[in-house]
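Shared between the two complexes below is chain A, which pairs with chain B and chain C, respectively.
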Partner chain A sequence: MTKKIKIFSLLLLVVMVMAACSDNNASGDSDADSGSDSGGDSKAANQLLKIGNDQEPAGLDPHKVPAHSSIRIYEKVYDSLLTFDENMELQPELAKEWEQPDDTTYIFTLREGVTFHNGDKMTAEDVKYSYERILDEETASIAKSYFDKVESIEVMSPTKIKFNLSETYAPFLSYVASTNAAIVSEKVVEENGDLMQVAVGTGPFKFEEWKPDNYVELSKNEDYYKEGQPKLDGIRYITMKDESARLAAIRTGEVHLTTLSSQSIPLAEKNDKLDVKGYQSTEYSYVGFNVDKEPFDNKKVRQAISLAVNRQEVKDIVWKGDAILSGPIPESMGKWAIDVSEEELYQHDIEKAKQLLVEAGYEDGFETTISTASTYPDMIDTAQLLQQQFEKIGIKADIKQLEWGQYIDTWKSGDHEMLVGRNSSGSDPDRSISFFFSTDGSANVWGFSNDKIDSLSEKGRTTTDKEKRREIYNEAQKKLIETSPNLFLVSPKKFFIVRNNVENYTPSANEPENFNETIIKQ
Partner chain B sequence: MSEIISRLKKDKVGLVGVIGVLLVLVMGFIGPLVTPHDPTEMYKSHTLEGPSATHWFGTDDFGRDIFSRVMQGARVSLYVGLISVGIGATLGFLFGLIAGFFQGWVDNVIMRIMDILFAFPDILLALTIVAVLGPSLRNTMVAIGIVFTPVFTRTVRAAVISVKEMEFITSARSIGVKTHKVIFKHVSPNILAPFIVQITLALSGAILTEAALSFLGLGIQPPEPSWGSMLNASRQYMEIAPWIAIFPAIFIIITIFCFNLLGDSLRDILDPKLNQ
Partner chain C sequence: MIAYTIRRLLMLIPVLFGISVFIFLIMKMIPGDVVSTMLGTEATDESRSQLEKQFGLNLPIYQQYYNWISGVLVGDFGVSLRTGKPVLGDILNRFTLTLELTLLSAFLSWIIAIPLGIIAAIKRNTSTDFGVRIISLLGVSVPNFALATLLLLILSVFFSYYPPSTYVSLVEDPVKNLQMMILPSIVLGTAMAGAVMRMTRSTVLEVLRQDFIRTIRAKGASERVVIFNHALKNAMIPILTIIGMQIGVLLGGTVIIEQIFSLPGLGQLVLTAINQRDYPVVQGAVLFIAFVFVMINLIVDLLYSYLDPRITYK
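Presenting the complex of A and B:
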């Protein structure tokens, strides 16, 4: 009996030792892994830019995935025909030039000698395939509505392609320059079924690997069409969802670059190894009303609330001063934006607000609910501040914090009274106006319908003269502020925190991450 | 009862617990009435200020007075603790009595359901319930109440089973006392000791669960403060304004500690085996 026990214990011991060893092996592996990251292949590692990404990418298909955590990765792998420079002016990318023989025809001449990362030549056939893929219902591309007016695409030669539109469509070139209109390779799509897990483009960086919940790594495209670019050997996007984790990582040098919210900026500024690079984003925070529901169906009520909002406080308290007043088109959109500081409804005026409520028949105020997302501290803070501001004109609002998925559902279904959120205005004013506020706009979840706005957005789409277009959108913005289906609050600054050995990198609203010239000084 | 009190007086540790719990109770009931500031008032020119004569515990990012918010938070924590433990204890008492007294298939059905509930970690179960019902103070209390039901059921059932076999119960039944009378008049009073101990222990658990739910944004909704939601909001400012985190955290720790001390010493006092 005791012998048996002895043998059994011996066996157990052996098993335990083996288990311990195998454990060691496993952790040894990962050690080796991280070893090779930091110093193993020393030459490559020296110029590997490590970035703390605040979300795991949601897939890599440039035609389908709108998530920022994905865009920042696939925009480095793919190119579009055109692009924007930091002043929001169109610039050639894969198309070296373009012409417009008449209002509804565009001809692009492609750059010669551009190859995909798999070595295949990029030709007009690929461009045609990419746009057809976007327009195909089955792809369910987020860019489909950008190109609804495209009637046919003709390949004229391997380097010339013609787009025929059904009618004049002013935002066309802006949308061609969108990252979502990336040129992909038909062969790669067919080989892989879709582009969610693979990425083969013509951009400055090649996709290497994606370790789920860990990192995505890109490497330098040696054959990039811009001579001598990029300078880096690669980029690694490491998923770090927690702000404090990103702060710690950038402080210790575990990553070279990351994003932080305004609250953490003073901490980064104190560290002399870090540079804080801010830029005015194309986002703005807003209060949306469900104009189908009482009392928000009454314009006077909405205007009264606009007067009750103290936008300066939103700027100072929620964004610690790092934001500017915004209309429907934020200031970073350059010439399209209007100066809203003198707008009557932007003046904080409690008396007038109360008077408007009396005129609307709500002299005793009313009760309502503000819905917002618990995921974003800035939204909760905005909601709390507004709740307190509304109280001054007798509006008693409860706050409902929703989990992100629930919030999106609520936003879509119009099942809300007041909603606090943040929008991005994209690159063309068409998005800021018709996408969100025209009667059939796909993001008009407010039940809002206004003939003037509808006719202005239609006119904006069909007017190609820039100055006239600007006047149209100026008028539309004033009308939106006056009818107030949303209250546009402030456009926040965004911040990149960069280790100070990273050189030649300047973020801007339109190009927050251009690393083509960036180097890491040792 | 007077015997319990006199024994508590002798038990130094228990006495600390009693005094602590009493202080928290006073704070919760009277505190919000005498706070120097309105807990939701925003002093916008005094945001993120450290402790001072006007704001004893400092102010948060909206310029709200932390001291007043901690006092108000005490009320929320106690309120949630008492109501949710009330729900859990009532349900658990009834189920435990029925299961323990009748045994057989009734016992089986009740206890298997309790086992299922028990199998889930507290927070996970509470999170699921709140996610289904929607975040609000009331739903938080219901969720915590349900989470605590199995513990009470088990405690009561075990006590009932041992009491049931005692001679006075057998004799009561043999002289024809009706079943419900036996249950409520003869069994119930004799199982109160473990039940009361469980209540004090569950109170601390409930307060902690509420803090956790509020921390996750699923408990009480802003601007109403609770210790958990204050902690959550303080995360962003941990380094620049640590007082926002420290004070609610200290109060959570002290409260939980005192309730546990009281619970432990009550258990010792009420346990007949230890007394002998």
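Presenting the complex of A and C:
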């Protein structure tokens, strides 16, 4: 008996050592660079792009899940009727053209011959179903509020569909271009109950498999409506939550693309097999005030804090210089953004800040709490830096680091004094302004109410002339900076670390991960 | 013995019941809920209440507990709020990986620790003994995550090696599976080995000093027989206790190691579920882990009587 155990143990040990040593080069540089895959599915392996995903996706339903780790996957599987180009201008996608016979009617003509990944034809009925699914309360879609003004949807022919709105609503087309307004198949929803675990769209990549806490694999859609695209055979998103693991994996070529914190980017820059590719994001960091609470109910206090903030330091220390000043609408939104560098409240001026505090009756400063999310190192860094900057005008701030769920709870309940966070401006200025700052905006957690902002939001929503709309939002931005319910800090650049044999890939704000033309050089 | 086992199994009922209540309440008490983490800053009051209704979170808390526990009693652990998949299936799926990782780590630790511990005991206060003691101290004191990160760093920078990152089970592809599992097993095994090594050394030393060993030696038994047939067998009980506890802990999933090596084990399942406030998954998994832990303890207790026939259970 004992002899048998000994022999078995010895054999097991030998097998393990052999396994560990054999095929060592499979993940080594030479092989990995050619995209080789030790997974056994060698047929599709040559052009398989492997991505180190820093979070596990939270579900694949484009109408329901706002998590970035999910969006980056499902946006490859689904298309919307419209999309944006790099200048944030609307472009056709599943709709080849659209017209607006009057202020409240939109007619879309669909591309012909587009099929879902299950082989079914995509028709106007699917478009109608998708929008009705978004609008259905049962779905609890995050995009429902985008389309509240939609009164009825009429299928005019298999390739023509009409949306009737209850009133003029200028942001409508921008929301139609949102990833969350993806066109889904009714049959697939009915077969599966929901779309959290499956994804069948019309996009460049097909959903193949999701191994929870490990990877999601997509394969090339051979019938994609854009001729000759995509060039890759597939994409594999491998969940690697640990940054040192992502760094090791990109160094050895086990993954072709990943993200790293700004602290680790210099390590990647030193490696001659890696490229660091940056783009200006549509996000900005902010300090939010609870204007229902003292002393933040006093505009002068908020303005004093704005003058005490040294935005240049935020840019240099938190983002290592890779960020630009931002107003309520960041610069990557193109023509909608205003130049904030000359704004009075953006000038770092301690004396003036102190004077404003005196005028507000807080000559000795005060104590307060900054709440922020511990999940994001940049938010903690920002909070710590601001804590030091506030001390210069006599404001003593404690930092409360909250776990993500707790942060969202605090954010939502208004149970905060100062909040440091990051917002995404969305794709339409309506979201940047009214979603966060109009009195009834769903993300107005500041208790902020300003008649001017409300009337400008309303005007912006009902004005379809682009130039006039721009003027309205310019005014709204200036008013927001002046009233300071939030201090808009900087809009960071984001980075991808890419193996240098990955070609034809340039990230941009509208589509950070467009791999339609990307190839892996052998 | 059988009566004892049955009694111990019956004691499981109040233990697991207590744990089920405790974990249920803890999950309700932590700030943030599944709806908030799901919808994030995009939540509207409408979508919130709709989801709460769908998940049954609008019911009174005792009703929620009753709904959950009555399912558990008939083997239905509910479905994940995030994925809609049955919780039990997910747990068992992940458990196979965790079990494999545990057994491999334990095996690696034993083949290092027990022989070295014995050698250190026999060659007490020699340089060999000091060497073994330093190794075991390092094993116990170097944190898992540090060793894992260091290992990955060294392998990637100097050998351009990274273990395969897409998991395949032992049945599908044993070679690739072992390639994936060997590094985390070494990391976990090293820590385990440290503790087992120290325990082996001290208990073997203690046994070697006892009278019956002198008697056996006087009878002319070879040193090999003295050590392996007599000393080690008598020293096994404390060693077994520590091994049992370590296996119990490892079977609960090793969150950090699984995270560093991208292994979809039980630890990852629980961590992701806690972050997403996926109540049924957390509750089910914790209950399952508690069950496994208690069972391992029972098995260890029963093994005592096998190792030392003087121990009998009534």
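Things worth noting here:
Going forward, the second predicted complex is superposed on the first by the 482 of 522 C-alpha atoms of A that agree within 3 Å, B and C clash if a C-alpha of one lies under 4 Å from a C-alpha of the other, contacts with A are read in each partner's own complex, and residues count from 1 in each chain.
Methods note: contacts are C-beta pairs under 8 Å (C-beta built on N, C-alpha and C of every residue); 3 or more make two chains touch, one makes a residue touch a chain.
Fair warning: this is a prediction, and the values are worked out from it, not measured in the lab.
Once the two complexes are overlaid on the shared chain, A:400 sits against chain B while remaining clear of chain C. In the superposition on chain A, A:377 makes contact with chain B only, not with chain C. Legend: residue contacts after superposition of the two complexes on their common chain; A:244 is shown touching both chain B and chain C. By the touch criterion stated above, A:197 is placed in contact with chain C alone, chain B being left untouched.
Within the superposed three-chain model, A:266 lies in touch with chain B and out of touch with chain C [touch as defined at top].
Contacts of A:313 after superposition on the shared chain: chain B is touched, whereas chain C is not.
Judged by the touch definition given at the top, the superposed model places A:358 against neither chain B nor chain C. For chain A, the partner touching the most residues, choosing from chain B and chain C, is C. Of the two partner chains, chain C is the only one that A:443 touches; chain B does not reach it.
Contacts of A:387 after superposition: chain B is touched, whereas chain C is not reached. Overlap of the chain B and chain C interfaces on chain A: residues 244, 403. Considering their complex, residues 243-244, 261, 263-264, 266-267, 313, 316-317, 374, 377, 380-381, 383-385, 387-388, 398-401, 403 of chain A touch chain B. In the complex of the two chains, the chain B residues touching chain A come out as 40, 42, 44, 47, 61-63, 131, 135, 217-218, 221-223, 233, 235-240.
Within the complex formed with chain C, the chain A residues making contact are 9, 12-13, 15-16, 19-20, 22-24, 26-29, 38-40, 50, 56, 58-59, 64-67, 137-142, 144-145, 193-194, 196-197, 211-215, 236, 238-242, 244-245, 247-249, 251-255, 402-412, 423, 442-443. Residue ranges on chain C touching chain A, taken from their complex, read 30-33, 36-48, 50-51, 54, 82-85, 90, 94, 104, 107, 111, 149, 152-153, 155-157, 159-168, 173-176, 178-179, 182-183, 258-265, 268-269, 272, 275-277.
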